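Each of the next two complexes has subunit A plus one more chain, namely subunit B in the first and subunit C in the second.
== the complex of A and B ==
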């Protein structure tokens, strides 16, 4: 039994449909944010998603605003990873910084279908499914460090215990 | 092979010779945040340190929901004001100043050769001044506040080569919509977009801001015009310390050079629900709409308001349409009042709102009901952005919005100009 269930979407899934702007300045709690995840793309998503599920999408996933909740609401909803043909730049950084793995695999994004069960091997850089095994480029050490720390904030917190950063702080 | 603008500027900041694809660690000159500063403070507090590393580098401008429309927004603003006070942050702009990108520019933080990062995707705007500027997320801003550094990948560059002259009734907004429509919403993902070519020098600073702002809608990391005489004359009488002009070498390694002839551009409109779903206005003429929006960081400057006023002078907004006008800053508001632009717009039946982001992001001031259609000068038309997910947003120039407002349906503005 493969552990993660696939939710499949198309190209250009933008940050407004992942996490609508009307909630962005309300400072909601994680559980509440999770309930609004993907609200304007797939209104039933929050009810269906279970911890460990993955999102598979087309190109330019996460395009649009810089709102980091687009990444964190997915994490809080239990999404284990997002697999896509490609990612918008700020979303990519935000997801890593929230500790949410984002995997670029055009082949997996094309072949995997809604409801498929998959297993992700982050060390080997492999996505295993009944439709085949798909590889993705493994993360560089710097990115892996942030993911392993659980995001940029815990990563920076640890780092600040050892060094103080660059300049200023006179 | 020569170097691009981005290779030079990030190399200078990192103190290294760098090429596209390399990752550098740099300290930004300024870090912008807006109402989301409240959320950034919460992240910063998790770092267990008491003070930001360089208070003078933070620029905080309240603009997204101003003045506060509900208690939760009021609480955010209050916590930001308290943080500013505690940390001794000198560059704070409260709710009476305007949209962050406009205020940041007017206050002279955007300078040639600067490195600016902001917790807003349209931070690309400052490329208009020959700066390298990119949007980042909240955790990253909190982290820079603490460490004064961030890693950035040096981007590859697409050059847009502008030539020819715009025809009457066609505006910079039409040019950038044309480019995004042809190239697609992910054409420049992770890349820099250089707006160059012989016609670039004809673009005013306001026009440059419109194009650099919307480079974000092509997925660009940064979009820019190289500083020239137009830039320098904008800075006349203003402080010009720390200026450094970077220009791509003639033999720089561009990923692509894309020619655009301005003479052939006609009024453009982005249709729902993606910014690259662009057509000539003529093709959707006659479509009724309910709310017009003239303003935003893309098109809320004085020349934009004047464009709209030129069309609406001695005319009336159609009774079935409501038009919201939102000047991008208090300074622009004042200028527009002095020049009679606001009188023209108000007399035509437009509703003038206070400077700020207004209804662009669907938080307050003109939310759309299900089945309603908006025609806006903003930069994004994603589903549900301005309210109901059953509403629609079309994007066009201020002149197109104004002409359409008179007729109550989408209209090519050229017959009014």
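== the complex of A and C ==
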């Protein structure tokens, strides 16, 4: 049994439907942010999603406003990765900085369907499913470093510790 | 091998080798946060770095532009969170009276040619209008920038977009921007820097440059530059910013990912149809659409020249009964210019509502959301479902918005 279940959406999924603007003005806790993930695209998502599930979508995923919460709410909801034909730049950065892998694989994005079970091999750059094995370009070392550290801030702290021999406040 | 404009700017700010696809650590000349994203920057910073100072307070700014002055308790609290942090760290704030942050940075000469600037505004790439690297980022990126003065950045490829022909005189920069967006969609310039060339740009004023460059975000591009300009435009930009205009030009042997030619000869007024910015048609195809409300402003069309275009259409005419027209100057400087040259009075006499400077309705801020079934025509840059309320928003240039509010239906000044 493959571990991750697929939630499938279309092209141009924008940050307003990933995390509605009305919640961005409050500094909410992670659990509450997770409850509003994809609220205006798929109102049932927050109830259905389980840790390890993945989102599969079309082109330009995450277009629109720069809100960090569009990436963090998905991570807090337990989303393991987002696979899409392409990503809007700011969302792509935010996801990496949150430690949420974003994989560009037009083939996987086309073939995978809602409810499919898949397995992602980050080292090999492969998405395995009953519909086939799809490859994605491996992350460059610098990005992999950020992802492996769990995001940009943990990464910086590690880097600062190494460079200066002193940690910042944890 | 030669370099494109973005490659040259990035190379000035990194020790790493710059070529498309490489990720470099780059220095940031200016880092900003606004009342959207800013409070999270403060929260992140205090949680992770506590009492450590920001890297350089003189290069760090807050710009409040979304909900100014605060219209909800949440915004009031968030702005005050930023103010208290700014006082503690010695950071300057362009507060609720200032206007749109990206525009203020240009007016103040902080964002200028060859510099690198980031902020929590997805339209920060508007700074390409003055040949400055500008990039919108999330709050974790900006926290990191406050702390280190640096960011990681993947050097993008550059596409050249060649505009052939001259649009008709009934159009402005917004019509051309929408037409380019229609042609590029969200794929052809995706994740790339754009260099726009063509005779039409030689006399593109600063406000026109701002309009086009702001909409590179909707093209899914990284940033747009307009390397062509004549002496009058150079003089205008220098006079406006009070600093020399010294933009980079691409090398003759620079490498482009693609060259896209778009024929804009005889272009007529354009409008973007809900709910995707790149769904663009001729206004002439949509003159049956009834309009309930109009909005003129935003980082795309909030300059004095933009509002003056609308004022010329409105002069001696009235907004139709039952229709509202909301006008929001981009900055305090724009407001003053409109006041001094009598445009505000003309707008008022035409029945327009005039707000203090800021982002206006674009991000559920001030001056009006739409209700279910309400139709808005706006000079903004996005018309996603739910972005400005429950209604439907069309995007157009200032003349079309003004004419539509007089007619009570979609139309151009020629229909009056």
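Here, the second predicted complex is superposed on the first by the 161 of 170 C-alpha atoms of A that agree within 3 Å, B and C clash if a C-alpha of one lies under 4 Å from a C-alpha of the other, contacts with A are read in each partner's own complex, and residues count from 1 in each chain.
We take it that contacts are C-beta pairs under 8 Å (C-beta built on N, C-alpha and C of every residue); 3 or more make two chains touch, one makes a residue touch a chain.
Source: prediction; values computed, not measured.
Participant: Here subunit A is shared; do subunit B and subunit C fit on it together or clash?
Facilitator: In the arrangement built by aligning on subunit A, the partners subunit C and subunit B clash.
Participant: For A:21, select first, second, both or neither according to whether it touches subunit B, subunit C, the two together, or no partner.
Facilitator: Touch partners of A:21: subunit B and subunit C.
Participant: Regarding the shared-chain residue A:62, is it in contact with subunit B (first), subunit C (second), both, or neither?
Facilitator: A:62: touches no partner chain.
Participant: Contact-wise, after the overlay, does A:94 reach subunit B, subunit C, both or neither (first, second, both, neither)?
Facilitator: Both partners, subunit B and subunit C.
Participant: Per the definitions at the top, what is the overlap between the subunit A residues touching subunit B and those touching subunit C?
Facilitator: 12, 14, 16-17, 20-22, 24-27, 40, 59-60, 63-68, 71, 86, 88-90, 93-94, 97-98, 142, 151-153, 156-157, 168-169
Participant: Can you list the residues on subunit C that touch subunit A in the complex?
Facilitator: It comes out as residues 23, 36-37, 39-40, 43-44, 48-50, 52, 67, 72, 74-75, 78, 120-122, 136-141, 143-144, 147-148, 152, 186-187, 190-191, 220, 222, 276, 363-364, 382, 384-387.
Participant: Looking at the complex, which residues from subunit A come into contact with subunit B?
Facilitator: Residues 12, 14-17, 20-22, 24-27, 39-41, 59-60, 63-68, 71, 86-90, 93-94, 97-98, 142, 151-154, 156-157, 159-160, 164-169.
Participant: Applying the document's contact rule, which stretches of subunit A touch subunit C when the two form their complex?
Facilitator: Checking each residue of subunit A against subunit C gives 12, 14, 16-17, 20-22, 24-27, 40, 59-60, 63-68, 71, 86, 88-90, 93-94, 97-98, 140, 142-143, 146, 151-153, 156-157, 168-169.
Participant: Using the touch definition up top, name the residues of subunit B that touch subunit A in the complex.
Facilitator: Spelled out, the residues of subunit B in touch with subunit A are 23, 25, 27, 35-36, 38-39, 42-43, 46-49, 51, 53-54, 57, 64-65, 72-73, 76, 118-121, 123, 135-140, 142-143, 146-149, 151, 185-186, 189-190, 219, 221, 274, 361-363, 380, 382-385, 389.
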